[in-house]
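Before anything else, here is the set of structures, which you'll find just below.
The two complexes that follow have chain A in common; it is paired with chain B in the first and with chain C in the second.
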Partner chain A sequence: MITHKYRNYVMEETMMSETYETLVGILKDLHEDVDFETCETLIDDKILDSFDIITVITEISNEFDVAIPADKIIPENFNSAKALAALIESLEED
Partner chain B sequence: MLFTDSAFIIGLVVLCVTYFLIPKKFRWMLLLAASVLFYAYSGLSNLLYIAATTVSTYFVTRKLDAMAGARKEYLAAHKSEMKREEKKAYKEAANKRRFRLLVGLLVLNFGILAVIKYGAFAMRNMNALAGLFGNDNAFPIPQFLLPMGISFYTFQTMGYAIDVYREKYPHEKNIAKLGLFVSFFPQLIQGPISRYDELSEPLYAGNGFQPRRVLFGTQRILWGYCKKMILADRILPAVTVLISDPEQYYGVYAFLGILYYMLQLYADFTGGIDITIGIGQVLGIPLAENFERPFFSKNITEYWRRWHITLNTWFKDYLFYPLSVCKPMLNLSKWSREKLGKTIGKYVPVYVATIAVWFLTGLWHGAAWNFIVWGLMNAVVILISERMTPLYEKFHAKYKWSNTRAYDGFQAVRTTLLMGCLRMFDCYRDVPMTFKMFSSMFTSFNFHVLWDGSLMKLSLTGWDYMILLIGTGILLTASLLGRRGSVRKMVLDRSPVLSCVLTVAMFLAVLIFGAYGIGYDSSQFIYNQF
Partner chain C sequence: MQTNVLEYLEQTVQRVPDKTAFADDHTSLTFSELSKNARAIGSALAEDGLYGEPVVVFMEKSPAAINAFFGVLYGGCYYVPLDVEMPAFRIEMILEQLKPRAVICDATTKPLLSQFGCTAKSYLFDEMIETAEDAEALSRIRAKQLDIDPIYIVFTSGSTGVPKGILACHRSVIDYIENLSETLGFGEDTVFGNQTPLYFDACLKELYPTLKFGATTYLIPKQCFSFPITLVEYLNTHKINTICWVVSALTMISATGTFKTVRPETLHTIAFGSEVFPVKQFRMWREVLPDAKFTNLYGPTEATGMSCYYHVEREFGETEAIPIGKPFRNTGILLLDEENHEAKFGEPGEICIRGTCLTMGYFGQPDKTAEVFTENPLQTRFPELIYRTGDIAHYNADGDLVFVSRKDYQIKHMGHRIELGEIEINCGLYDGVEAVGCIYDKAKSKIVLFYTGDVEKPALAAYLKQRLPRYMQPNLIRKLDEMPHTPNGKLDRKALKEIYDHA
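Let's turn to the complex of A and B:
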């Protein structure tokens, strides 16, 4: 079971990574006016819609060679750049 | 059986009273018995179809869970001795077996739906094709009676099976309880399409009697009957007249037909859903909302987020996302990127999946080309609107007046009219005729029909128009008030007496202003045909 504390720790680590930097670049290409480094409600506040999500997944597949499965498309994974970067890294490790 | 049948209303009252009188542990059984009875009333043979869906889903999801359990046990037992690659290969092989089983279930159930609902349509098209080669009527046209709610319960049940496959939750161990989830009677007419993790707990719990909840539920039911019987059924004859004779009713009539049909469809569908959700609320079973004031939408994408929400989220979760992110689609994107450029490659999955989803959404609404064209036209408008988004953003940034309430209103009217035009495919059920009637609105200027008494010859009297106008006004006011929260709660908080008066007023309104009369037969709910 992943605790919140551990999850936050992983996300803090993730923020430093190259994955995170590249991901923020991909997101900025979609919505340049959004501060992806601080925003944690990308889905809840409807900043990213379903089209954006698929475009981001396509870009991630191209940049990182990681396929995000449909069952991972949940608000928890897409609400912030940090959470999404953590998902990419966990899929890379699998 | 319709919600408007007296047998249904009497049965519902008896059910609700009995539900709260019997011990809690038997309450879900009562609901199951009521659901089976309700379904059997529509035709005993129909029970076979819903039973086939329940039984096949039960055994397959049980096996899916068992396979997932065995996989986890094996991996835990061999944790130390297996290398990472070996674990990965084992997981993939195990998931592949589970996936094949799931596909078998989906093929069986969507296959039943396809044969019954689309068999005749497919054969007619095959015959048309064979006719081109001089082989007329080569294929026999199958004749099946469409079991009530088959599209709704099939989608709901397959959504549950996919979630079990994805290990979102374990399968339902009691087949009778699964049967209740599949067949819960208020949803069978026209949805909403519920999710197992949201519905199962209150459905099986046997909820206690809460006067406030029962009052709100009753008010919601009555509000639904008001919409259905005062507005939808009253305007139905005029819609029928307008679309049944396009040679006579074109130009301004076609435009009026759009407005009348939009009102009929909205009042009919949301009225039915209000009754469904209200029944759930009386019984303490919250059902998913299916509408969120769709006619206040600023664009068509937003409209589809607020109209028939549960069907659209079903398509999004179980078709749009899986199709967009599947390996062949990502490979197609990479290929397009190399051959056609970065921008096109980036959007290929979105475009292909959107067109596929809307093709199927059209097909879901009916086995006819007009529905398919309607679905594809929606896809085209959505994709154009999506590509235009940067332009809209620049426009709103440059012109401040475009950020006012008045402009929001203009956008809402524009979206409503655009959706109305698309609904013409649904109305006329004939693609060339729809285009002809659409163009007639811009070429035939028969405005005189608005004041020369012609409107009184559309099976509507002045009394009918007055009721429709007042009713639509009340509907709009309730929608506007509803933006700030539950109107029923606001009224009750202000005055319990007023709340009771409102309940009685709605009841009397249905009795007095509902569309009745000698030979009158309350019409079928539109979405029940789907």
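Let's turn to the complex of A and C:
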């Protein structure tokens, strides 16, 4: 029982990091010169503009098969790769 | 007969002096403030002996920046808008071409100017508007002015790596504004929501009809275009009823399901252009706003704003393209084949434009101008210029023009006109880069840059950000071991496309 639970946990962890890594890859393609693993002000510092956001949303829908609904397209969810990965994962669960 | 665009303002300020003309989130200007400030700026320029020359407006996008444009016109000069977010290198290149004697700044931009090695006198907008009006000087200037005198220069991407400055005159702008207003039904009750930057001719659609009718324009904050619900709420809050946006700004709203949460309540006129509007997205807009007027616009900057329009009034199949339609009144379109003959009905040909709408060509570049502003080959008995757009189109069964493709490597990316050659040349200048090739993935709206050489991608990306404006940045950079070439040694873009497709 415990082993089984543990295995699930490990699998989930692996999947989470996969989402994150794929996402960072998408972002990196857009801006090779930005450190997406540490930056938490992607919107506030205008690193991502409206055209980038459109591209990222499209790429996410192709790559993860989730559509980010309009009410989730808010600065908080796009300021860091971490926040955006968390959003994708929460949408994948639904 | 009207010969100067300022006559729009002069008539309107009599009628609705206290109405808001231009507003953003921080400031707004009524027509009487606009008029007073513009006359003060014109007087200040006259006092310094400036006349009939380019005056750069280097200010943040704001009602004040627009006001500065009109001030420059009162001085009998022509304005050149420069964007604060343009990379320094590009600004230097433009200033080098213009060699202006005067630059109008705001408090934010004035300290930046010195880094460009610009020797022009810099003026602060806020100080200029305190200048006492010299009515006599202003009327002397006006008496000298002709409708063929320039109003503005806007810079567009150049395939040789140097941006081209396109000059337009009063007569062309008046012709455009009259016919555009009639076609789209603008009036005093029009409330525009502006999206396009002030440094392109796209903003003519809002600027001058606002003066002509005493309408109101809101400059929508750029960040709203990243967040669709905020954007629609902005439209509703300000009771915006008319928008002329790039297609991607419209599809951003529809594709994300925004209409499930919020709908535009006051919008009745929607113009779009320079890109294909995917029919699936268009239908969502039509469904939410069944009574609104949707118009596709087409036109190159060289022919002052837009040249053709198509009101979308019938259903379209998902793979069908929305036509670019018919020319505005007083604009003529010729479709020429490769032998300079009129293309047969239904056959493709290059769109060539004739009319008052033709701009004056490229500033300081007579050779470039002569390449595309040529004599009309169909009429050789007297001088008559046409502008060759490089756009290929054909007529459909209804007699409407339908865009087919480009003759060269110019692309339309998120509403911006870009020469792939300009990106390639700038990339090739980076130390260590050996060969460069650019392609455009139209379906995904991506500029893809390939290069060879001992250079890391992040360093190259950072370099390009210093050289090229944001909208020209590659969306994907790929390093190759070898650049594909055709048998006769030219860059093989087809092979690049294959490499990209198979990645």
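In this section, the second predicted complex is superposed on the first by the 78 of 94 C-alpha atoms of A that agree within 3 Å, B and C clash if a C-alpha of one lies under 4 Å from a C-alpha of the other, contacts with A are read in each partner's own complex, and residues count from 1 in each chain.
Simple rule for what comes next: a contact is a pair of C-beta atoms (placed from the backbone, for glycine too) under 8 Å apart; a residue touches a chain by one contact, two chains touch by 3 or more.
In this text the structure is predicted, and so the values were computed from the model without any measurement.
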{"item": "Winner by number of chain A residues touched, once chain B and chain C are compared", "value": "C"}
{"item": "First (chain B), second (chain C), both or neither touched by A:Ala67", "value": "both"}
{"item": "Which of chain B and chain C A:Glu18 touches, first, second, both or neither", "value": "neither"}
{"item": "Contacts of A:Glu32 with chain B and chain C, given as first, second, both or neither", "value": "second"}
{"item": "Chain B versus chain C as contact partner of A:Pro75, first or second or both or neither", "value": "second"}
{"item": "Touched partner set for A:Thr55, first chain B, second chain C, both or neither", "value": "both"}
{"item": "Touched partner set for A:Asp94, first chain B, second chain C, both or neither", "value": "first"}
{"item": "Partner chain in contact with A:Ile43 - chain B first, chain C second, else both or neither", "value": "second"}
{"item": "Shared chain A surface residues [contacts with chain B and with chain C]", "value": "49-51, 53-55, 57-58, 67-71, 73"}
{"item": "Contact set on chain C toward chain A in their complex", "value": "222-223, 225-230, 248-249, 251-253, 255-258, 260-261, 414, 444-446, 457-462, 465, 470-471, 475-477"}
{"item": "Complex interface listing, chain A residues touching chain B", "value": "49-51, 53-55, 57-59, 61-62, 67-71, 73, 94"}
{"item": "Chain A residues touching chain C - in the complex, by the definition given at the top", "value": "29-33, 43, 48-51, 53-55, 57-58, 67-71, 73-75, 78"}
{"item": "Footprint of chain A on chain B - complex, ascending", "value": "88, 166, 168, 301, 316-317, 320-322, 324-327, 330, 333-334, 337, 345-350, 353-354, 386"}
